[in-house]
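Presented below are the structures under discussion, each in the form of C-alpha cells.
Heads up, the next two complexes both have chain A, just with different partners, chain B and then chain C.
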Partner chain A sequence: MNITIDVKETELQTKVRIAGEIDAYTAPKLRETVFPYTERETSNIVVDLSEVSYMDSTGLGVFVGLFKSLNANGGTLQLIGLSERLRRLFDITGLADIMNINSEVEGGV
Partner chain B sequence: MEFREVMQEKYKEILESYMKDQNEQALYLSQKFSRKSIEHKISPEEIISLHKTALLDLGIEFSEAMLPSFDILLEVMMAYGLAYREHQNLRTIQQELKSEIEVAANMQQTLLGTQVPDVDCLDIGAISVPARQMSGDYYHFVQDEQGAVSVAIADVIGKGIPAALCMSMIKYSMDSLPEGQYEPSQVLESLNRVVEQNVDPTMFITMFYGMYNTVNHTFYYSSAGHEPGFFYDHKTKDFKELYAKGLLLGVSKKTKYRQFEKKVEVGDIILLMSDGVTECRTEEGFIEVDTLKGYIQKYIHLEAQEIADKVYKELEFLQGFQLRDDFTLIILKRIK
Partner chain C sequence: MEAFDYIEMKIPAKPEFVGVIRLTLSGIASRMGFTYDAIEDLKIATSEAITNAVQHAYNGDEEGEVVVGFALYEKHLEVMVSDNGKSFNFRETKKALGPYKENSVEFLREGGLGLFLIETLMDEVKVHQKEGVTLFMTKYLEGEQVERDAETIST
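Then we have the complex of A and B:
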C-alpha cells in the first residue's frame, strides 16, 4: 500500500509521475500533492500512470476532482500510460469521454 | 480513612511482608495493587512517593544518603505521569467517538433500509457488507403499482461518514421522484442534477439503475459509471456483461444517460454488484472476472439469497476475511 509521487515543472507543463497503488489510503496524499498545481491559472498537468498497479474508485475521485478544478481555472489535464485495467475503469465511468486519456502527444513518454 | 491513606497502608503491608521473606504472595499482591492504582488513576510518580513514605514509616534500615535519590526518580517519572493522564483522556474521548459512530451507523441502517420486493415471477437476493463501520455502497428497491420492480445499486466515491451522509441524500431524492417516473435514464438524469448541485466537488457517485417490467419480462437499465452487471443466460449457460456506459453522477450537469434493455426468460439471472466484488484483491493479485463467474456458476442452482451469501463467503475467504472495499451483490432470478 505505497505510493510515490514525483512532480516536475517545466515552462509548458507540470508532469506528475505516480508509482504504486492509488486507493483510500494513498488517495489523500495524491490529492494534497497535486491539487495546489490545479489552482494556478492555466496550468497543464500531465499525469503518467504507467507505474500504477492498482486504482480504486477513491483514486478515480481524485482525478475527477483535479479535472474539475483545472476546468474551473482554465487548465488542462492529460493522463498517460494507463494500463488496460485502468483504461477500463475510465471507460466504464464515462470519464474517458470527457478527459484526455492516453493520447500522448508532444513530449509524451 | 481517605482512599489514598488506604492505598498507603496497603502498600506498606505488601512492602513489609516482602522485605521480611521475599514471598510470592507479596509479588502477587503488588500486581493486584498496580491494577487497582491504574483503575483509580494513580500516576507513576505518586507510586514512587508512596514507596518513599512507606520506607520511612517502616523504619527500614538503609543508607540515609539513598533518600534524595527518590526525588530524582520522582521527577523523572513526572513526564510519564503526564503521558499516562493524556492517554486516559484520549481513551475516554475515543470511547465517546466510537459510540457516536455506532449510533450514526445504526441510523444509516434505519434511514437507508430497503425492503426486497415480493413478486411472483422473481426470486431476489441481496447482500451488502461494509468494509468499515459505515458503508459507501447502497442499494434500493422500488416497486410501483404496475408491478415493475426497480433496483438501484450505487457506490459513493469517498468512504466513511461523508459518503454515508451523501447516500442518505440520494435515497431521499429517489424516494421523492414523481410516481411512475422510474425510467432508468430519467432517474439517473434527475439524480445527476441533485448530486451536481449539492455535493462537494471531490465526491462522486456511481450508480446502476434497472427496472424489471413484470408484464413483458424485460429489464431496462442505465448506468452512471457503475461496474457493469452480469446476465446469466439459462439456455446457453453463459454470462454476458450488462454493458452500459455513462458518466458518473455529479460530474457534469447536462449529462444524458442511455437506456438499454434485455429480455429475460425463465431461469435467466441478473447480477448487479459494486466494484468491491470485481476489484476484490487477494494476496496474489486481483480476482479475475472468470473466477467470479466460476463461483456464481457453482451456486447458480440455489435460491437467489443463497447464491449471494455463498459468493460473498467465497470472496471473503479469498481475501483472508479482511474486506478492503464495501461489498454488495444483488441477484434477480426469473422463476416463472
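Then we have the complex of A and C:
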C-alpha cells in the first residue's frame, strides 16, 4: 500500500520510475514529486509504470494534470511499461487516444 | 431473499485506509472464485467509491467514517459503500432502493472519472441518498450475468 518514485534526469529526458500502488493516498505524493519537472521549458518526461501493481482514477487524474502542464510548457509525456490492466484503464477512459502510451518498456535505444 | 454471508468494515474517512479495504476485498473475491480481472475490477470500483466518500462527504477536515459492506451470494458479490458513518441494516436499506433513476445518474456524472469507472467495471450500480450517500455495486461471477438475464425474461 505504498509507492516508490524514482526520478532520474538526463540531458534528453526526465525518467520517472514508479513502483507500488497509485490511489487516493499515494496520488498526491506522486503529483508533488513529478509536477515541478513539468513546469520547465520543453521538458520530456518518460514515466515507467511497469512496477505499478494498482492504479485507479486518482492516478489517471495525476497523469492528466502532468500531461496538461507539459503541453502548456511545450514538453512531452510518455507512459511506458503499462501492464494489460493499466492499459485497459487508459483505454476505457479514452485517455489512450490522447496520451502517448506504450505497453512495452523501452528497448534497444 | 437469497441467503448470503455479510462482512462489514468501518474505516476512518481518510485516504490511507482505502488500500486496507482493497486487501480485504481481494481475499473475499478470490475466495468466491472471481477471476483475476474481475478482482481487479472490483478493487478499482470499490476504491473509487471509498475515495469519493472520503473526499466529497467530509471535505478532508471533518472527522468521519465510511462503512463498507460485502454481501457474498453464491453467484455474485454486492459491495456497499456508505458515507453516513453508521452501520446499516442491509436488508432494510436494500428494500428501500429504487431503480437506477435519472437523478441518480446525474449524481454519478458529477463524480467524474471515478464514478464512470464504477459504472463501467461493475455489473449493476445503485445509489441510495438518505442521511448521506450509499452506493450499491454488484459483480457477478463470470458467466452468471447471462443466466440471470435469462431468468428475468422467463419470469
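Criterion: the second predicted complex is superposed on the first by the 102 of 109 C-alpha atoms of A that agree within 3 Å, B and C clash if a C-alpha of one lies under 4 Å from a C-alpha of the other, contacts with A are read in each partner's own complex, and residues count from 1 in each chain.
Everything that follows uses one rule, which is that contacts are C-beta pairs under 8 Å (C-beta built on N, C-alpha and C of every residue); 3 or more make two chains touch, one makes a residue touch a chain.
Everything quoted here is computed from the prediction, not taken from an experiment.
Peer 1: Based on the superposition on chain A, does the combination of chain B and chain C result in a clash or a fit?
Peer 2: With chain A aligned, chain B runs into chain C, so clash.
Peer 1: Touch check for A:20: first (chain B), second (chain C), both, or neither?
Peer 2: neither
Peer 1: Applying the touch criterion given at the start, work out whether A:56 contacts chain B, chain C, both or neither, answering first, second, both or neither.
Peer 2: both
Peer 1: Spot which of chain B and chain C makes contact with more residues of chain A, would you?
Peer 2: Counting contacted residues of chain A, the larger count belongs to B.
Peer 1: Superposing the two structures on chain A, identify the stretch of chain B from 26-34, 188-196, 224-232 or 242-250 that clashes with chain C.
Peer 2: Among 26-34, 188-196, 224-232 or 242-250, only one stretch of chain B overlaps chain C, namely 224-232.
Peer 1: Which residues of chain A are in contact with chain B in one complex and with chain C in the other?
Peer 2: Chain A residues touching both partners: 23-24, 54, 56-58, 60-61, 85, 92-93.
Peer 1: In their complex, what parts of chain A are in touch with chain B?
Peer 2: 23-24, 31, 54, 56-58, 60-62, 64-65, 68-69, 85, 91-95, 97-98
Peer 1: Inside the complex, what are the residues of chain B that reach chain A?
Peer 2: It is residues 155, 157-159, 201-204, 206, 223-228, 245-248, 251-252, 255, 275, 279, 281, 286, 324-325 of chain B that touch chain A.
Peer 1: For chain A, which residues count as touching chain C in their complex?
Peer 2: That would be residues 1, 21, 23-25, 54, 56-58, 60-61, 85, 89, 92-93 of chain A.
Peer 1: Which stretch or stretches of chain C touch chain A in the complex?
Peer 2: 15-16, 18-20, 22-23, 37, 40, 43-44, 47-48, 50-51, 54-55, 112-114, 116-117, 120
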